[in-house]
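In the two assemblies presented below, subunit A is common to both, partnered first by subunit B and then by subunit C.
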Partner chain A sequence: MRLVCQKDHLAGRLAAVGRAASTKSTVPALANVLIEADENGVVVAATDMELSLRAPLEARVEQPGTVVVPKLAADIVRSMVPGEVTLEHNEGEGVVSLTGGSSSFALNSHQPGEFPALPAEDGSGVVLPADVFLSTADRVVRAASRDDTRPVLTGVLVRLEQDSVTMVATDSYRLAVRQAPLTSGPSQPQQAIVPARALAEAQRAIALAGADQIEVVLSQTSGTFRAGDVVLTTRLIDGQFIDYRQLIPEQFTHDLQLDRGELLAVLGRIAVIAQRNTPVRMALTEGQMTLSVVSEQFGEGHESIPVAFSGEDMEIGFNVEFLRAGVESAEGDTLRLGVISPLRPGLLRGDDDTFRYLLMPIRLNT
Partner chain B sequence: MPDARPRVIAHLDCDAFFATVELLRRPELRGLPVIVAGNGPRSVVTTASYEARAFGVGSAMPAATALRLCPHAVVIPPDHAAYSEASRRVWARVGTHLDRLQRMGIDESYADLTGTPRPVAVLRAAVADVLEATGVQLSVGLGPSRLVAKCCSDVGKPAAFTAMGREEAARRFASAGVRRLPGIGPRSAERLAAMGIHRIGELQAADPDDLARRFGERWGRALHALGWFHDDSPVVTDPGPAKSVSSEVTFDEDITDPAAMEETLGHLSERLEGSVHRGGRRGRTVAIKVRLSDWTTVTRARTLPGPVDDAATIARVARTLLREYAPPLPVRLLGVRLAGFVDEAARAPAPGLPDPAGQMSMPADHPGNMSAM
Partner chain C sequence: MRLIVARCEVVYRGRVTSLLPMAQRLIMMKADGSIMVHSDAGGYKPQNWMTPPSRIQESDGLIVAAKGTGNAVETVEIRIEEVVSDTEHDLGEAARLEKDGVERDLQEAIAAAADVLGEGMTLLRREYPTPIGPVDIVCRDDEGWVAVEVKRVVTIDAVEQLTRYLTYIREQPGMSGCRGMLVGQSVKPQARTLASSRDIDTLVVDLAELRGLKAPELRLFSP
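This part shows the complex of A and B:
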């Protein structure tokens, strides 16, 4: 195989697709990027068996063929001088040569046969405007769990309905739900648990492709996301997602209106001395909310903001980072915080009900 | 005042615990025979998945033997930090259902349910919730004592749920070997065998006076009571954060090679690191325990200028202590202990709380009905 390509384009594509390559796998070929050149064009692809990414490469094919190059080829190409880069491989040889300007590299390569077959790219799906997809995914992905012992929670529930898309994620300490309207949803509802990492990569793919829409195909076991000419396929997570609607209380003892920017600024200040797992203490008294943090190591800080609170004083503790993430993710200038009691979850909502963030409290000692 | 209510004691045991934790992390190995074992020449199987057990592989078997029995088994090196973390999650979860809990090592506990209404339903709910929340299957034995409960949880594993009274246990286990009884180790078993006692039924039939002559008054009578499944030992609930954390290993054969001993200290230190990390605890005192072939047991400790929690430092101090002691005889047991924890009260998770520092989590017993829509 022999192909010639613009340096920046090749470096960009190798790096983008290489994100799916696995550095930890026991199958060495998975740490590589596959380049396939035939009469239809050139495709670069990588996979760690969970997630695969592929994208076309604009190149002049002088001799068709298939090669695998290590992920670090992206770094090599990026550091070459601007201009054309030639990639060449003679069938049966264990090296791929990369030349550009006066630099020349011979990279040890795996046989293309060791590379796993990429998942079939089939079916048409639901097309979402890129901004709808991004703003929805962005607000929930962070709430997914990173703990592999409960696989379902490492995913995001994606539900497509005729007139809306809903994404839900929870790590069991907080739960984020966002719903956005759709004009061309599926006639029958579809849903799947998509690994959070895949959703994050799909967001990146939109940016990479400069796409203004993304097509989502959900099948029984896999999900495909097409953004422009970049295609991401992911294994779906098998299991039952928590019935989140059952977890969200319908009524709150106090439903407080807050200035989102102000609360965020206060949290930003006091979070500086809060360590991981330190609760922020939210004391609600007549007309006032006082947020305080006590750090054994650094000392303490507190700040009050006016709030329309009346009734019996109440104190509730939250993880400061979780709370801040929820306030950040809500939209609009005003924020509503619903609370029931110090041991019941609190609910954050933005201007409207499209985003809801349920947060479990931390038991306070006093 | 002693509690006059009939005692209800459960023994909860995680099925193939290490293997389960590995399978949760590597679902692609599900259904394959998996063995968790180190890769040293003397390494032993710490757990085997039920698929591997079907080939006759068992815990504590040398890894080499296991691989002869089951040559296509997938061997995974143990990751004690991950097991400690999974263990913490399992028992914290159990703690939300059962409050009088006594931890016995990483994968088993006793629970006292005396006076609890509908103990079976409570236990079944706990088992289902732990499985849902952590992926770990518990086996449960239920009886009037720790002894009966412990023997029951082994019956019908995996996912056992066995309850028996004392008399029934004495009858059902009569044909089992005496080693089945906790407290009877290889040495006692050997001495019983010398008296012609191999099975629990034979122990029951033995003359208590003979046993007392042979084993001493107290242990002899205790053995006889054990055979009849008499046990009134209490479930000692969690006394709060431990003052020290230790990890030790008894060798299959006594060892003399200093390099092997130092390597073992390294492994023990890593295991220790796993269990201190979860509470964010750091200790200032590192100690070693050495038991020689003649059962002399020696400990040596050193207090450091500042608290430590990393395996490398603990291992370095432990090795220095071992070199200074220079065991005069072959060694049958080595242990490493970390003590002198700083800011213990502030950092250690309170027992029974679902997560560190009181963070509450959502109930996981909502299986959801969304896919039905």
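This part shows the complex of A and C:
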């Protein structure tokens, strides 16, 4: 195989697709990127068997063929001088050559036959505007758990309905729900638990393809996300997602309206000295909210903002990063915070109810 | 226990040859025949050492510890230029290491509240005997028997250990369907993967919570 490609384009595609490559797998070929060149064009692909990414490569094919290049080829190509890069591989040889400018590299490579078959990507799905997909996924994906002991919680529930898309994630300490309107949803509702990592990669795929829409295909065991000519396929998480609706209280003792920007700025300052597991204390008194943090290592800080609060004083502790993530994800200038008691969850909402962020408090030592 | 603080040079000859140049060091000579040469850095690890059984010969300004014979002989030679301090202490009988009692305490706490292992779980007995040693806890729930091994940190070795116990327990009448569960304050990812492939459950518990010293973390739901 021999192909010639612009250096920046090749480096970009190898790096973007290489994100799906696995360095931890017991199959060494999975730490590599597959390049297939035929009369239809060139495709770059990688997979860790959970998630696969493939994207076309604009290149001049001088000799068709298939080659497996190590992931680090992206770093090599990126550091080459601007211009054309030639990638060449003689069938049966264990070396791929990369030349560009006066640089010449011969990289050890695996045989294409060692690379596993990529999942099929056929089937049509639901087309979502890219901005709807991005703004929905971005607001919930951070709330997914990173603890593999409960795989279901490491995923995001994606539900497609005729007139809306809903995404939900929870790590049991917080729950993020975002619903957005759709004009051309499926006639029958579809839902699946998509690994949070795959959803984050799907967001990158939109940016990589410069796409203004994304097609989502949910099958029994796999999900496919097509953004322009970039295709991501992921294994879906098997299991029952928590019935999140029954977790969200219908009524709150206090429903406070806050200036979102002001609260975010205060949390940003407070978070500097808050360490992991140090709660931010939210003291609610007549007309005022005081946020404070005490760090054994660094000292303490507090700041007050006016708020329309009346009734018995209350103090609630929250994980500062979780609280900040919720405030960041809410939409609009006004933030509504619903609280019941120091041991019951608080609910953050933006200007409307399309985004809801339920956050469990941390017990405070009084 | 003899403690010598001295300016010394140490030469090791054996699998390799190494030299610690002349400097002030602490030489620990234990009653069991081990010798350790410490500097004022390096944490717990000596710069050079000889484990027992060793042959120790001492002459003026020279301590030589040797072990092995023929080609396999190893020696540590300590050439002493100046002795700063040389003291000897009788430490008496060696007390057994108390490993914080965490595993024992975990086992007691879990046995006292077996329902932390799962809904409806009741204790059959602690230290359930098998021909290769006792398994920490055997419990029962609606689905049958569960053999539980408790570790401070659940590792791959713990998975192998419980697998061996299960082989014997399942040979007993009425216990062929006995499930396995590993419980610890943390579970290594590799152990979780291996346990899962063998249908052995893993569970992380907090001893302080089990003892009621700490209120459990607040969660939206029990994960």
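To be clear about the criterion, the second predicted complex is superposed on the first by the 366 of 366 C-alpha atoms of A that agree within 3 Å, B and C clash if a C-alpha of one lies under 4 Å from a C-alpha of the other, contacts with A are read in each partner's own complex, and residues count from 1 in each chain.
Throughout what follows, contacts are C-beta pairs under 8 Å (C-beta built on N, C-alpha and C of every residue); 3 or more make two chains touch, one makes a residue touch a chain.
Bear in mind the structure is a predicted one, so any value in this text is a computation, not a measurement.
Superposition of the two structures on subunit A leads subunit B and subunit C into a clash. When the two structures are aligned on the shared chain, A:Asp148 is found in touch with subunit B and with subunit C. After overlaying the two complexes on the shared chain, residue contacts for A:Ser172 are found with subunit B and with subunit C alike.
When both complexes are overlaid on chain A, the residue A:Gln191 reaches subunit B alone and has no touch with subunit C.
Residue contacts after overlaying the shared chain place A:Thr221 against neither subunit B nor subunit C.
Once chain A of one complex is fitted onto chain A of the other, the partner contacts of A:Arg363 extend to both subunit B and subunit C.
Set side by side, subunit B and subunit C differ in how many residues of subunit A they touch, and the one touching more is B. When the shared chain is aligned, subunit B comes close enough to touch A:Phe241, but subunit C does not. In the superposed model, A:Glu296 makes contact with subunit B only, not with subunit C.
By the touch criterion defined above, A:Leu343 lies against subunit B and subunit C together after alignment on the C-alpha atoms of chain A.
With the shared chain A as the reference for superposition, subunit C clashes with subunit B in the stretch 42-50, and the other listed options (42-50, 186-194 or 276-284) are free of clashes. Within subunit A, the residues touched by subunit B in the first complex and by subunit C in the second are 148-150, 170, 172-173, 175, 242, 247, 343, 345, 358, 360-363.
For subunit A in complex with subunit B, the touching residues are 148-151, 157, 159, 170, 172-173, 175, 189, 191, 240-243, 246-247, 277-279, 296, 317, 319, 343, 345, 358, 360-365. Remark: subunit B residues 21, 24-25, 27, 86, 89, 133-135, 343, 346, 353, 355-364, 366-371, 373 touch subunit A in the complex. Interface residues of subunit A, counted against subunit C in their complex, comprise 145, 147-150, 153, 170, 172-175, 242, 247, 343, 345, 358, 360-363. Here subunit C touches subunit A in the complex through residues 187, 189, 192, 202, 204, 215, 217-223, going by the rule given at the top.
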